[in-house]
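What follows is a pair of complexes built around chain A, which joins chain B in one and chain C in the other.
Moving on to the complex of A and B:
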């Protein structure tokens, strides 16, 4: 009986703990779900006094706001293509060539890319883009993001490449396939899930970037959504909550959509990748 | 005796990827990483010894100023004052300690342990909610958090009100706690996912043995589970520490204020370099920041028995 009671106590504890954690993660986001549909949104989370889609209509009628979303798509899309293509090629080469010290090199790059994507390298990056005449261009933002995301991208992708047995490629070569054919018909099909994960990951990273665009982009017509949202302010400098919340929701939705897609397709978890144990 | 022929063939003719093609595959990545990652890391050190600026004498012809930029950060009588380097450094250390080392990593581990070998709706909901908090764009969650912790209308104060606790002006009275709290919310998913992958790699027989021996939950954790996931704990500590050290999103919530009480080093760097446009001094802060990160990473590496992390 005592064992049973203890087991029930444990179960109850787990349920209470999970509910607490669930509230902890959900409550801060509720405002993003209620305020956009309220004609008189405040900072309070409440069912809209008068439910409306007008806030969204106002935004879709605003050319500047729509252009900013389009700019975000350009930046995130360009970064996605660059990171996915170059990281896949590099990860395949790193995995199939013998390169000394590649593990420690990848590790150091992964560690320090996070420092560079922070503020540490913003001064040299700004000066570099200035000399390359890439300040105030989407290409400049894309280049910096690609450079910063590649190490982690290669690291993620390498795990997928390593999971392909070498014998696949060897037997294709023995059967007389040309190297290009092996890549197209053997390697790429097997890597498809990895390529998908990499594409989604890099898109989400670039889509959410704020700091690099803040430093590189100057003209309003080129601003991506996370910068443009700060123009929905009154002259007194306080945000127009109806518009800010609606725009933030529109801007956040693609990420939620991609998450649901990845979760449905692959299950969102770490693929052996960043596991601690040495192999 | 002659070597078997097949062996020779495997070694010589069937290298899967010809070296020249392999190097061609590597080239674009190496170029981008060199130009936009490695070169800035080296150049920032050079800039930190000059008076480079956007305007004034340092703009046209920056000149070498020795360690002047560094010396300015460490003037003993004032470096700990609000808005100075020492203040930002202290805030950053508290921020990293509170939100990464005492916050995200233990909380992520607790969630992973609580849901290990469990399935069901509750697990799906908790994992999804935590992950979405982690991957949503910083700007969107920043506005949500401004609303969440608002003194008059915020959800947190409303809930505390039900419990009879008077309203607290989080962003005015406890700005540093507010961003620590925010960052725990924001980043716990990484540790949670990492640890649940690590726990998944432990063979089920280990758990069963512990059950048969009648080990208590704590004994089981300390003697069986922790030693097995120890490498993951260090991986989480290193990565989360460095990420937290460099994170900029809290700036979107408090702006470093009020009166610089929640200003961390990335915000300080940004202010000096891109509000005052003193690139030389900004670079000096960046170099110090990278040095601290490097020292922290090295300490963790030495604390870990096994040197290989990945």
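Moving on to the complex of A and C:
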């Protein structure tokens, strides 16, 4: 009986603790779903006093804010293509060629990647982009983001690549395929779920970037959404909550949509084969 | 049109991985249309040898010829071989049709011809009604047939099989043996077949090359190897169960030669051997278990009796050695405890202390 009671107590604790955590995460989301439709939104979560779409109308009338969303798509899309392409090829190479100390190399790269996008590296990165005449260009932002995301991307992708039996490639080689054909016909299709995870992950990372765009981009017409959201602040620096929340909701939708699309089309499989799980 | 006789030739080929010599100075001649099995325990270098022929590995030393052409420095795609892998390696994102068509697609054959050829091969292998399915939607045996179909669709000069039956269950494996052997004879394509299963090699191959620690230790027809193994390694590898081998030594006596084992001795009359350490070998079917001692008998203890239907497999202990005896009988033999083993002296083998056969 005592054992049973203790078991129940433990379960109760887990449930209550989960609810507590859930509460913290759900609250801001609930606010994001209610505030944009409220004429007088506050920082409290409450059902809209008067339901309205006016906030969205104001935002769609704001050319700067809408252009910023497109800028975000360019930056995130470019980063996604860059990271996915290079991380897949690099992961394939790292996985298939036996290089001495490649594990340490990968871990070091992952470690250093946090430096590339970290605050400490901002001055050298700005100087570098200045010399390359890439300041105030989307390409400059994309380069920095790709550089920062690549190591983690390679690390993530390597597990996917290593879960592919080598005999697939060898059988294609014996069938007469050239190495590039092996990659195109066999490796990439088999890797597709991993590539999708990587693409969504890098898109989301770039979509949410604030610091690098803030530093690299100068002209307002090129700014992405996370910076443009500041245009919904009053001159005194207080946010106009109705507009900020409506813009934030619009800003969040592509990411949610992307997740749903990939999940529906390919099904998410994070980590192709971390050793010991799901093999 | 004169075409050079297609056959495979390995000239003192070696392959070294770091400090490990996987393949050690292997020389082989495989005739046209021959079914050749490479047999050996795991890690003996047989798969590496096959991969060397396929071009998936480059030899450290030696030359490889296929159909009279030196292919040593050619990549796998230019060697014109067909290979079936242990895990079949069917591409999971392609249907069986696409899988089988792949070697033809790479060779840029017109789609109509591809379809015709794939259907021809698939119907031959009895999988033509499964072509629209993905590999994950068919059984292991069907996957294996699809893998064979893919290997032969482009009519390669050589077939390479890397333990293709080891993932099948016992019943399917027996069926697949007969099926592959028949197919090979029908197509007449030179085939090299790697296996660790001696029964498979004996059942299917025209000739067998036994590999041990990177070397080919004997090449011959299945029956040659079975009857005249050159060494105790070959003897202990072939047969089911394999040959019994007991260590001992020879002592000369006035009327012959005496084999002194761990707990017994046998006098061989009219036979003369050098004195010294040797191994005595005999096949499980060439000994009889009896209740009383006789001239050529060895004292033993009965360990287990396994009824196998048509025969009984007896496991006995002779001193510290375990030996097997096959008994063909309708009734279950009634032995308990101490028994005697009667050898057929005309069917014994003697190996010297290096393991080389010295008798018969």
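Convention: the second predicted complex is superposed on the first by the 255 of 279 C-alpha atoms of A that agree within 3 Å, B and C clash if a C-alpha of one lies under 4 Å from a C-alpha of the other, contacts with A are read in each partner's own complex, and residues count from 1 in each chain.
What we mean here is this: a residue touches a chain if its C-beta (ideal position, glycine included) is under 8 Å from a C-beta of that chain, and two chains touch if they have at least 3 such contacts.
Every value quoted in this text rests on a predicted model; they were computed, and no experiment measured them.
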{"item": "Touched partner set for A:165, first chain B, second chain C, both or neither", "value": "second"}
{"item": "Between chain B and chain C, more extensive residue contact with chain A", "value": "B"}
{"item": "Chain B versus chain C as contact partner of A:176, first or second or both or neither", "value": "second"}
{"item": "Partner chain(s) touched by A:215 [first = chain B, second = chain C, both, neither]", "value": "first"}
{"item": "Partner chain in contact with A:105 - chain B first, chain C second, else both or neither", "value": "neither"}
{"item": "Partner chain in contact with A:123 - chain B first, chain C second, else both or neither", "value": "first"}
{"item": "Partner chain in contact with A:189 - chain B first, chain C second, else both or neither", "value": "second"}
{"item": "Which of chain B and chain C A:147 touches, first, second, both or neither", "value": "first"}
{"item": "Touching partner for A:12 - first (chain B), second (chain C), both, neither", "value": "neither"}
{"item": "Chain A positions touched by chain B in one structure and by chain C in the second", "value": "170, 173-174"}
{"item": "Residue numbers on chain B that touch chain A, as the complex places them", "value": "10, 14, 16-19, 21-23, 25-26, 28-30, 32-33, 35-37, 39-41, 43-44, 47, 52, 110-111, 114-115, 118, 122-123, 125-133, 135-141, 143-148, 150, 152-156, 158-159, 185, 193-194, 196-198, 201, 217, 229-235, 238-239, 242-243, 245-249, 252, 265-267, 269-270, 273-274, 279, 282-283, 286, 289-290, 293, 297, 306, 308-310"}
{"item": "List of chain A residues in touch with chain B within their complex", "value": "10, 14-15, 17-19, 21-22, 24-32, 35, 42-45, 82, 85-87, 89-90, 92-94, 96-97, 103, 106-107, 109, 111-128, 143-144, 146-148, 150-151, 154-155, 166, 169-170, 173-174, 179, 182, 204, 207-208, 210-211, 215, 225-226, 229, 239, 244-245, 248-249, 251-252, 255-256, 259, 263, 268-270, 272, 274-278"}
{"item": "Complex interface listing, chain C residues touching chain A", "value": "54-56, 75-77, 79-83, 85-87, 89, 91-94, 102-103, 106-107, 150, 154, 160"}
{"item": "Touching residues on chain A, where the partner in the complex is chain C", "value": "165, 167-168, 170-178, 181, 185-186, 189-190, 192"}
